[in-house]
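As structure tokens, here come the structures.
Same chain, two partners: chain A is paired with chain B first, then with chain C.
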Partner chain A sequence: MGGSRQTLGRGAAWLLLGPVLAIIFVGYVLPGLALLAMSLEVPFRWPTVFDAFTFRHYERLLTDIYYARILGYTLAMGAIVSAITAVAAFPIAYYLARTRSRLTSFYSVLTFTPLAVGMNMLTLGWMVILGRTGFINALLTGSGVISDPLQLLYGWSSVIIGMVHVTFTFMVLPIEAVIRQIDPALEKAARTLGAGPIKTFVQVILPLSMQGVAAGFLIVFLQVCGAFVLPLLLGGQGFTMVPISIWEQITVSSDKPFAAVLSVALIAISIAIMTLQLRIMRGKDLV
Partner chain B sequence: MQRTSALMRIYAAAIGVLLIFPLAIVTAVSFDPGAYIAFPPSGFSFRWYVEMWSNETIVLAMKNSLIVGIASSAIGTVIAIPAALAIARGGAFAEKVLYPFLLSPFTIPWLVYGLALLFFWSVTGQPLSLGTIVLGHTVIAIPYVLRITLAVLRDMPPNYVRAARISGANPWQAFRYVILPYIRSGVVAGASFAFIVSFTNIPVSLFLTTADNITLPVAIFNYMINNFEPMVAAVSVVQVLMIVVILLITRKIGAVERG
Partner chain C sequence: MFNRRQMLGGLATGAAAFAWPGGMLVRAQENSVTITSLGGKWEQSIREHFIPLFKQRTGADVKVVLGTPTQWSSQIEALPGKPPLDAVDNSETLAISLIDKGLVSKLTVDKVPNLADTPDLFRKPFDDYGASYQYSTSGLFYNGDKIKSPPKSWAEFFERGGKGEFGRAITLPDISYPWGPHLLWHYNEALGGNVNNLDPVFDALRKMKPYIVKFWGTALEVERMVMSREVDAGVLWDGRVTAMMSGGAKFLRFSRLDPHSLITLTPAQVVKGGNERLAYQWVNTLLDPEPQLKYFKLINFTPTNRKVQIPEELRGNIMPLDKGVTPPFRELIRATPGIVDRWNREIRL
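Showing the complex of A and B:
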């Protein structure tokens, strides 16, 4: 392989990249700059730029304890959901990586459903399952276990349940990919040498699959921090995460600059996590 | 070992049921003839499946979402394939800087991206239209097509292209008759996923939609906030059915000319 890889001429490479770079520049880089300009309240009217700017919205973010708390809630939610999803998804990833049957290929289709049916479907589903007139309450009151319906919907627990569901696939995929690369002979060797199934799992499989767990953890963390529809609808009144707060700045208080500041903060978090992710992956494509 | 794998199978079955349970529940309540969503459903009828077609917003949103989904996944695919070719043969800059950057629209919080687009269009003074939504969805389609195409390209033995070139094929012919058949199923998979992402996307479109360019998931979202009637469930079920049909069609397209 080594020296046999053909490299393109510079001209040809830029020609091939041209269309993507043009779209990315207009549809991604410029909007990013517009967001930044809005956060600094630059009176951005083409072609006159940079008349004045202010940091006062950033100061508000840094001094108002309310927003520090929202930021903390968001990160905490990311950590909790990532941890639960990792534990829940690991056995499934192992099962998919180690068994081959018609059932497993059906099962891998099943694990893709959360990505394919849309957030509105999943959110609606959990609203009907957890709601006051929903599935669980109907089951419990119908069987006489309780007389008054429980308040299951709204708040942390329902958002956590929903987020674990929608991010499940993102956790399964990288862990499954890593377990596939572990030689099954290693497990057999451990078993032959007298290790029980639990010891084999803890001392052989788990350490070798940590890279996949880390990759899944970071992707899920990112997804949770940026999630909006599900936390808004399952969290209910008074439940806030950064994206919900951004939406409220636009729709309720019409404070565009501050919405932009919150957005910049969220992007800064995302970039930090992505950098960490690139470090851990070292060029490996796991998802 | 026997006992652990039996336990594993039980756990896998339980998770499998949980994964599709919300879908089953939504399908169940979509047949409720009542005026608001409740479980168990008050009866069985196709009332909302019929009434949704006389709801102008829903019909318009469906049409818009099909246009946006097809346009953005098509444009995203057409521009991502040459980019994948360039990155596959590019150097360290393409690998370490360009590729992660082109993938970043996948990880950036989409609500923030939608907001950035709103500010961008208000700076340019352009009125919001279907085109403004298509541009945003094209940007988030790129990572899906790029990633899978590049993975297939890296899998391809370099001798295939070399053999074609030695046999006298020009670069275009080598692409058309050697590379394209090889990457075809991967490209189709990436494109269909990009379509699904667009067809179900709420956060990128949310700030960009008006009465005229509203998309289906945003229309459903608005109903979920304001008006919790079984029609929302019926429309969601129809949305999933449309996705299934599209997936079946693209699977056919991706499967031919293989083996």
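Showing the complex of A and C:
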């Protein structure tokens, strides 16, 4: 009886897991295998014998300074945007976690607006704001602060501004969730024992909320590394990130194997960073 | 009940059957044809001008798949023999790629009667495995309020632009634009180079680079830069510029420079293994003079059928074909990875 109940339980569990496993298999495992096969120039058609493959596209990636540079740009952009977003999002997250205002729901909705509007619309919005005839330049030239419009678009700064805005919600949510779990009595105890607000923040709140910061950092970093439309439209010449280069290899060079190599490299780096972070945060829930 | 092994086995088999290339994905195709279109005005014209005529002649349904040639070609390549598309509007490069892979069928006058009224320029680059129903030509757009003495030739444009005569207000297509290598080849030819010697164009671009606001990757970008007056001069297709001019950009001018303009084509192709009977009729509809004229009035890209009667007031927008050139497509395809590589090193870095 007990044995059959156990079998039934396992069967039910696999049945419940089924849809998720199917999505992972079809949406991630199969495309991942197809990508890997393409990068090695192996035809992805069953039952092809996987006996002829080449590493020459990987060699190109490892020996060509240009691609090392755009990989570096991409990772640096991910790190910079994540850091700025964390700093910008922390006070908002803290306020949302601690406030008892009747407007809390309204403020929460406000933090969701980047998600609601979408990346493409936000990108176009920033193009209007930062353009040579855009809002900021019109304000500065109209008020006589500057005589010639500034070049605010098409560089690192415009991409960073846009990405921080687009990913803001993904940083606020995990930090807020962690801060909510911190007992306010700890802050009161620190203040009672003589710690000022800054010392309380640095020595009590920040260490206890690092799990949320780490989770937000990871989400934002991965989003930035995979961003395409925003860097394409807000970035300038001399500024290319890996996703744009992948697109270029497919649409212009018709070099799908090398595009697959760049994709595999980006995925591998993302997984490595995720694994590293999970190891560092081992034993601590990432929210 | 199921155990874990049975469950995983079933899921894997089912998923593989659905997702594996050449798997069980099938598509009803009896009396309908699946065709492609760019979005926006292009889709509007396909739905308003071409589909009604096609339906009237065949009684068949039309399913329109929006997207880009890259996406469509990838879909066709992924399912050879069981394509998700019956006819495709392609770029020249991708059209040749599909021809070389044997994935498209040859057009003949008996299956596509309007082919007879389509000049060779729009068919022969594809050996009749595709025919272009429109073309556009490259040229210089400029802000007439600021540039009173526009250049007459490509050499003059690059020389004066490289000296900063137009200010830091120039935009040119990026190499990531799918027609970027074509345009680069064309400047190079106009500057005295050839596909094996790209030094003239790269020298000119290096000099002009300090005055470039941005190398644009999508037409949306350049149109936005023009309309917000972020740029005063640049290179774009005639149809897009005249559309902006007729849309209210009074400051904008368009000029075709000597010695020639680049012609770009949009070959329509019949996909092998699809509903070829209806796909041929669809391509024939695309080449028909009646909807082509309506298309031209909406989009401003020039029709290719000789029988199209262009209204007098619009004839000035059309470039005589002998003033245009097309690249040697196969040579250019072979040279493109090297061109991209050189661009990355000399223009981007």
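Basically, the second predicted complex is superposed on the first by the 255 of 287 C-alpha atoms of A that agree within 3 Å, B and C clash if a C-alpha of one lies under 4 Å from a C-alpha of the other, contacts with A are read in each partner's own complex, and residues count from 1 in each chain.
One rule holds for everything that comes next: contacts are C-beta pairs under 8 Å (C-beta built on N, C-alpha and C of every residue); 3 or more make two chains touch, one makes a residue touch a chain.
Remember, predicted model here, so these are calculated numbers, not experimental data.
**Student:** Specify the outcome, clash or fit, for chain B and chain C once both structures are aligned onto chain A.
**Tutor:** clash
**Student:** After the superposition on A, what does A:M210 contact: first (chain B), second (chain C), both or neither?
**Tutor:** A:M210 contacts neither chain B nor chain C.
**Student:** So, A:L222: does it touch chain B (first), chain C (second), both, or neither?
**Tutor:** So A:L222 only meets chain B here.
**Student:** First (chain B), second (chain C), both or neither: which does A:V26 touch?
**Tutor:** In the superposed model, A:V26 contacts both chain B and chain C.
**Student:** Taking the superposition as given, does A:Q237 touch the first partner, chain B, the second, chain C, both, or neither?
**Tutor:** Second partner only, chain C.
**Student:** With both complexes superposed on chain A, which partner does A:Y154 reach: first (chain B), second (chain C), both or neither?
**Tutor:** In the superposition, A:Y154 touches chain C alone.
**Student:** Is A:A268 contacted by the first partner chain B, the second partner chain C, both or neither?
**Tutor:** Neither partner.
**Student:** Kindly classify A:S253 by the partners it touches after superposition: chain B alone (first), chain C alone (second), both, or neither?
**Tutor:** The second partner, chain C, only.
**Student:** What's your read, chain B or chain C touching more residues of chain A?
**Tutor:** With both complexes superposed on chain A, more residues of chain A are touched by B.
**Student:** Which holds for A:P197: it touches chain B only (first), chain C only (second), both, or neither?
**Tutor:** first
**Student:** Looking at A:Y95 after the superposition, I want to know if it touches chain B, chain C, both of them or none. Which is it: first, second, both, neither?
**Tutor:** The answer is first: A:Y95 touches chain B but not chain C.
**Student:** Need the overlap of the two footprints on chain A, from chain B and from chain C, as residue ranges.
**Tutor:** The answer is residues 7-8, 12, 14-15, 26, 30, 34, 44-46, 127-128, 131, 133-134, 233, 247, 250 of chain A.
**Student:** In the complex, go through chain C and note every residue touching chain A.
**Tutor:** Against chain A, the touching part of chain C is residues 1-4, 7-8, 11-12, 14-16, 18-22, 70, 74, 93-94, 97, 174-178, 180-181, 209, 212-215, 217-218, 221, 224, 228-230, 333, 336-337, 340-341, 344-345, 347-349.
**Student:** Sort out for me which residues of chain A touch chain C in the complex.
**Tutor:** Residues 7-8, 10-12, 14-15, 18, 21-22, 25-26, 30, 34, 44-46, 66, 69, 127-128, 131-134, 151, 153-154, 232-233, 236-238, 240, 244, 247-248, 250-255 of chain A touch chain C in their complex.
**Student:** Applying the document's contact rule, which stretches of chain B touch chain A when the two form their complex?
**Tutor:** These residues of chain B touch chain A: 1, 4, 8-9, 11-12, 15-16, 18-23, 25-26, 29, 37-40, 75, 78-80, 82-83, 85-87, 89-91, 94-95, 98, 100-102, 104-105, 107-113, 115-117, 119-120, 123-125, 135-136, 138-139, 142, 146-147, 151, 158, 161-162, 196, 199-200, 202-203, 206-207, 217, 220-221, 224-225, 232-233, 236, 239-240, 243, 247.
**Student:** Touching chain B in the complex: which residues of chain A?
**Tutor:** Of all residues in chain A, those touching chain B are 1, 4-8, 12-17, 19-20, 23-24, 26-28, 30-32, 34-35, 37-38, 44-46, 88, 91-92, 94-95, 107, 110-111, 113-129, 131, 133-135, 137-138, 165, 168, 191, 197, 219, 222, 225-226, 228-229, 233, 243, 246-247, 250, 256, 259-260, 263, 266-267, 270, 274, 278, 283, 285.
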